[in-house]
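Got a structure for you, questions after.
Chain IDs A, B, C and D follow the sequence of writing; residue 1 opens each chain.
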């Protein structure tokens, strides 16, 4: 759709603002929903903003075991999250940056984030964080294929290798078709795992030795920890956009599209909140099966498209 | 040689050829002065090797940037036929990593292998010869020159692996390597014989159309596949590789893993350049074997405790990735899909460069670690990041790159192969693309896990042994090569656009007769990668500045989650880090575990050991050879020393022949 | 010139036997070797050779073998002084005398144009070499000599019977004496086929026994194992070449008579059998001298296999004759040095030769690599081309089997060789005073260098000689 | 007609050789066979050519007297009378010998002869004798008996050689005599060495070199 450069710049501006400012909202929303479901009053929706503000003013404490790599994790997580956000289309049909093959870069950017987080966890020499790191990489090895098979399905349907096209221009024949549903189902599982939500992980308790992500950041404090939390929320947003992208209705009016996008994100947050409150965490041994289910879903999606 | 006259198309082609020959000479003689002088032999050798690298790379640059191709006719063995050297784009492309890495290795040798340590002279001498043979091999355009360089390379490598021949393990590893490489050579001889039958000369030239599909063509492909696969370390012919790489001195390992096994890939590339109409199953076979090698390689790597064995298995994994690209390209060639062809071949070729850069870097860093701690056992390391920060940084760059993470070079080549695979999804042979995608994603994730383990266990946390606690940073002679290689990794990663011209040049030589190929730039917008990488780094720096506290606070111990007396021994070990994945893949890996169950409230001490044997070497090849030898030694009774029996052999032979003659 | 080549060594032998002073003996030996080589080259240059039509004449085939033997003998002769200096306990008179008389008789055989003379020369060669095998004068060497003599004599006897058969074949066809090879080949149409075939079978078994083709090779490991390395080199490179030549002469007649097909099947069969048998006994072979003996069996197999495949392969079989002789001399001499230094030739005791006798250790390793067909050494050229001709020349399965056997033999041999050469010398092993010196290693280095050069380049005259020799073997006189 | 008788006797001596157990006796029989063969050329009606006479005399002397003499001397050194426990028993040896003779006849049928010579029986007899010699070599243990076997083997070849004695005498005479004389002579020497070194003639002791 032809658009004036003005509106285009506007769109890009909005895109960036959304990532930077709105992402902490999602965890707040999720927690609120969980509290309500549990019949509690719960923290305010803006709680994460307060936390970040406080943490950025706090002093950080470093273990004497650590090296500069200890900081690389949080920093990498945020930087990568923001860069990746530039590749995903939000409300408006095109991401700020798009080129053939950006989808691969998108996936590998999160790989980079994981690499750095794991290293900064191992940097402390704490056996607990080592354990968390081990689980992180183990489960990621199962989440990765699901993500890529989903991409494969979308790429085959749209004949494009750019996220903008794959997500925003899937074409009517594909939208709400069986394959897409399967892909989204698979990705929903990936979403849970990557963002360390129940039933894979529990973002709230820090001392559970059965946790994955949170245990890796035990030793972070102050600004680094703020980065950790912020990075996590950005990840929630970006992957959320990936998840809702294909189903969004796209028509000529960009502002309508943006509205739809925000609503969809909110719905996603609510859904996650509900899921977290009605489900219990899996035992570690069951998590792989859960992820394999995701891989199978996306694989079937691809095969369905051939028939 | 009677005489060697150069038949060069265009006088301009002479210059690269002369530079190339000079580079070979320099490399070959680099170790010679060291045999006679008392000191500084290593420095002289390093200087000569660097000079040879400069010569060779400048020659290669000329050809790769579009210069003319030089060809040299040699009166080879008059009994047989002529020899020929072509300094064509393929040769130029491969000669770059060969000479660069050899030079770096020999600089590294100054610090790594003491001037008066046993075997220092021999080590330098044969390292130079190895480099020379490798450089000769890439230019070989005639079966005899090829086999000559091939065997020369193999033997030099064998002697280099033998450097520490006082250890029985080393002798065994070297023998396994020698046996495998010789088997491979015999297979190649068969392959070349068939090639000769096809186009009537031992000189490399395009095979007649239709030959590839014929029975002989099939036999030739199988022979070449096995012969080159042995050298490349493709599963299931990889078994010589881990022991050899582990046993050799580290800079030799870096040369072997970085370039020697790539000569198998060179062979495949040459083969591709000869056939205009490969059957689809060629590419399919290579691709599937690549997928298997990649996944099995990284899976086996996860279970290793020996740092160098771990890296060796990762070489197998990367060979797998290269083969995936080759297979895609080959399928593209046989189905006539130019885009698939370009992306597959370009990805494979670029990964050849990349892998030689970061794997060379990793082996050098591993060598420094082994040198500093006196062990290769991961479980006895830890905390080296603070003791040897430069080495740690180098290893980190290597690990970052080999995991294919942006913005380093490993990502670029994998990205190209991914692009090819994604494009292939829309084509008729989509299944192969799907295999490629699945394999690459799994390999990527597992490699990440493995190198997180390697880096974390070796360089982070607290030292697990006294050796690790007393480690020291390596000398500058060892650090500089690592720095150079790391910079090269970063350069290709940040500005991949620079290598698109060479890649185009090489890929175009792989096109079939009269086939126009799209340019790489039109298929893969390499510029965007730089456009993404730079902001990423800037953003990271800004955040870093923001996050780093000023002033840095007093330091406390790591929080023990309430546990009072943590010791370094309690850190998460390499085995336990990889345990989840290894257990998950136990159905192919068959880990050997000796452990005692812990039960009761106050359990007695228990020891736990896990060991991951090589599925081919330890479960098939070794028992097979032993069994055969045992059976054969059962025939010893044939010569029990009794004269009468011996005379009876003569009599029986005579009677048999006479009867056979009559009837 | 013909008589010069034969009589000079024989007279020298007499002189060496009669002179009391060891120094003069070795001088005579070396001088004769050099003079003989010079004479050979002169004769090959066409100077003063008798016309081939007579009983003694030098044609391409004989010339090639003569050259090989002369060079090989020179290598051994140059090595001999240092060796004899190491063995003052042994009487060098018989030793030197036998060496020299062997040279003379070999020259006779190489120039003989008559089956009878060839046979006589072969017989006397056997006798001349028997004392060499008995050099050590202990029970083992005695046993080896006994086996060598008895099996050898039986073989020789069969060869004689075969020769008589062929003579009778000619006689029936009305071919008159003298039965020179040339005449036999020219008038081969007249020969009686049954007698010819039977004769060839007998000659093959007979001379095959002398060559050491399986299963008539059984004397070989014992003889080579018990003799000094220098004698082993001479036997493996010289005596076998003589027997091979004698066989080739008859084969040429058979081929000329158009019976080649029948003969080739036999040769290929013997070739493969020999290689297989050698392979079986090289695997896990703990005695490295016996290992070399079996390697010699293997290469005899390669020779006849090449002839059996024919065409280009025959030419390269002749080339391999030279390559094998040279490299085998390196192997046997270096093995002899190692044996001398460790006072043992058994594997558990001999390790780390590369540290105790560096030069011999390296040469042993290189010789092994060369003999197993590593470029650019000469054997690679011949083995590659034999394999190639077999694969492409209508014997694909023979070629495949050939390559497989080469591979298996490499595996078996490399295992032992690596264990001998590398590692640390076993401590409990007494260290003999022997050390590598220039005199004990230079000849080997020269031989190996020669093998290397042959692998890369061969002078044109020699190439043409080889070509016409191959033609002659093929039956065209 | 005489030569036929001589040849028949020769074949009979073959059987005696394989059947006898006393070494003295086998040496005697071998000597007798030598004499028979030595006389054979005189009965071929080739006329009294001098070289044939010489040949015959030499054969008789060497085969009939000299070699047996050597062997007996060697035998005196070691005190053994009989060949005990041969590898192949006497009865079996006899059967094998008969078998071999039969085969030789079959084989000889496939080898055409020059028309009209007195040589009808020569080829089968020669092959049979050759085979007998081989049999002795293979089946006996004592070094001396093996030499006797070799001697018999030689006789076979000599017998065949006689067929050519007229047309190509040099070849035959040099060959046969040289081979015989030298072979046996050298073996005599070695046997002496053996009897000194091992103070026995039993070749079982000569089986230390093996794989």
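Here is the rule we go by: a contact is a pair of C-beta atoms (placed from the backbone, for glycine too) under 8 Å apart; a residue touches a chain by one contact, two chains touch by 3 or more.
Since the model is a prediction, treat every value here as computed from it, not as a measurement.
Across the structure, the highest number of inter-chain C-beta contacts is found for A-B.
The innermost chain, defined by the distance from its C-alpha mean to the mean of all protein C-alpha atoms, is B.
Chain centres computed from CA atoms place A at the largest separation from chain D.
Chain C and chain D have centres, each the mean of its CA atoms, that are 31 Å apart.
If you average the Cα atoms of chain A and of chain D, the two centres end up 101 Å apart. Look at where the CA atoms of chain A average out and do the same for chain B: the two points lie 36 Å apart. Chain geometry summary: the mean Cα position of chain B and that of chain D are 69 Å apart. Multi-chain contact residues of chain A (touching two or more other chains): none found.
The residues of chain D that reach two or more other chains are 110, 134, 137, 146, 203, 206-209, 211, listed in rising order. Counting partners per residue, chain B has 636, 639, 641, 643, 647, 650, 658 as the residues that reach two or more other chains.
Inter-chain contacts, as defined above, occur between A-B, B-C, B-D, C-D. Contact residues on chain B toward chain A in their complex (touch as defined above): 382-383, 385-386, 389, 392, 396, 400, 403-406, 411, 414-415, 418-419, 422-423, 425-426, 430, 434, 437-438, 440-442, 444-446, 448-449, 451-453, 455-457, 460-462, 523-525, 528-529, 531-532, 535-536, 539-540, 543-544, 546-549, 552-553, 555-561, 566, 568, 570-572, 576-581, 584.
On the side of chain D, the complex with chain B involves touching residues 87, 103, 106-107, 110, 134, 137-141, 146, 203-204, 206-211. On chain C, the positions that touch chain D within their shared complex are 115-116, 119-120, 123-124, 127, 130, 134, 139-140, 142-147, 149-150, 153-154, 156-157, 160-161, 163-165, 167-168, 171-172, 177, 179, 192, 194-195, 198, 221-222, 225-226, 281, 285, 290.
Contact residues on chain B toward chain C in their complex (touch as defined above): 1-2, 76-80, 144, 147-148, 151-152, 155, 162, 165-166, 168, 171, 174-175, 178-179, 182-183, 186, 189-190, 193-194, 196-197, 625, 628-629, 632-633, 635-636, 638-639, 641, 643, 645-647, 649-650, 653-654, 657-658, 661. Remark: chain A residues 59-67, 69, 71, 74-76, 78-80, 82-83, 97, 99-105, 107-109, 111-112, 114-115, 118-119, 122-131, 133-135, 137-138, 140-141, 143-145, 147-149, 151-152, 155-156, 159, 161, 207, 218-219, 222-224, 227, 288, 302, 306 touch chain B in the complex.
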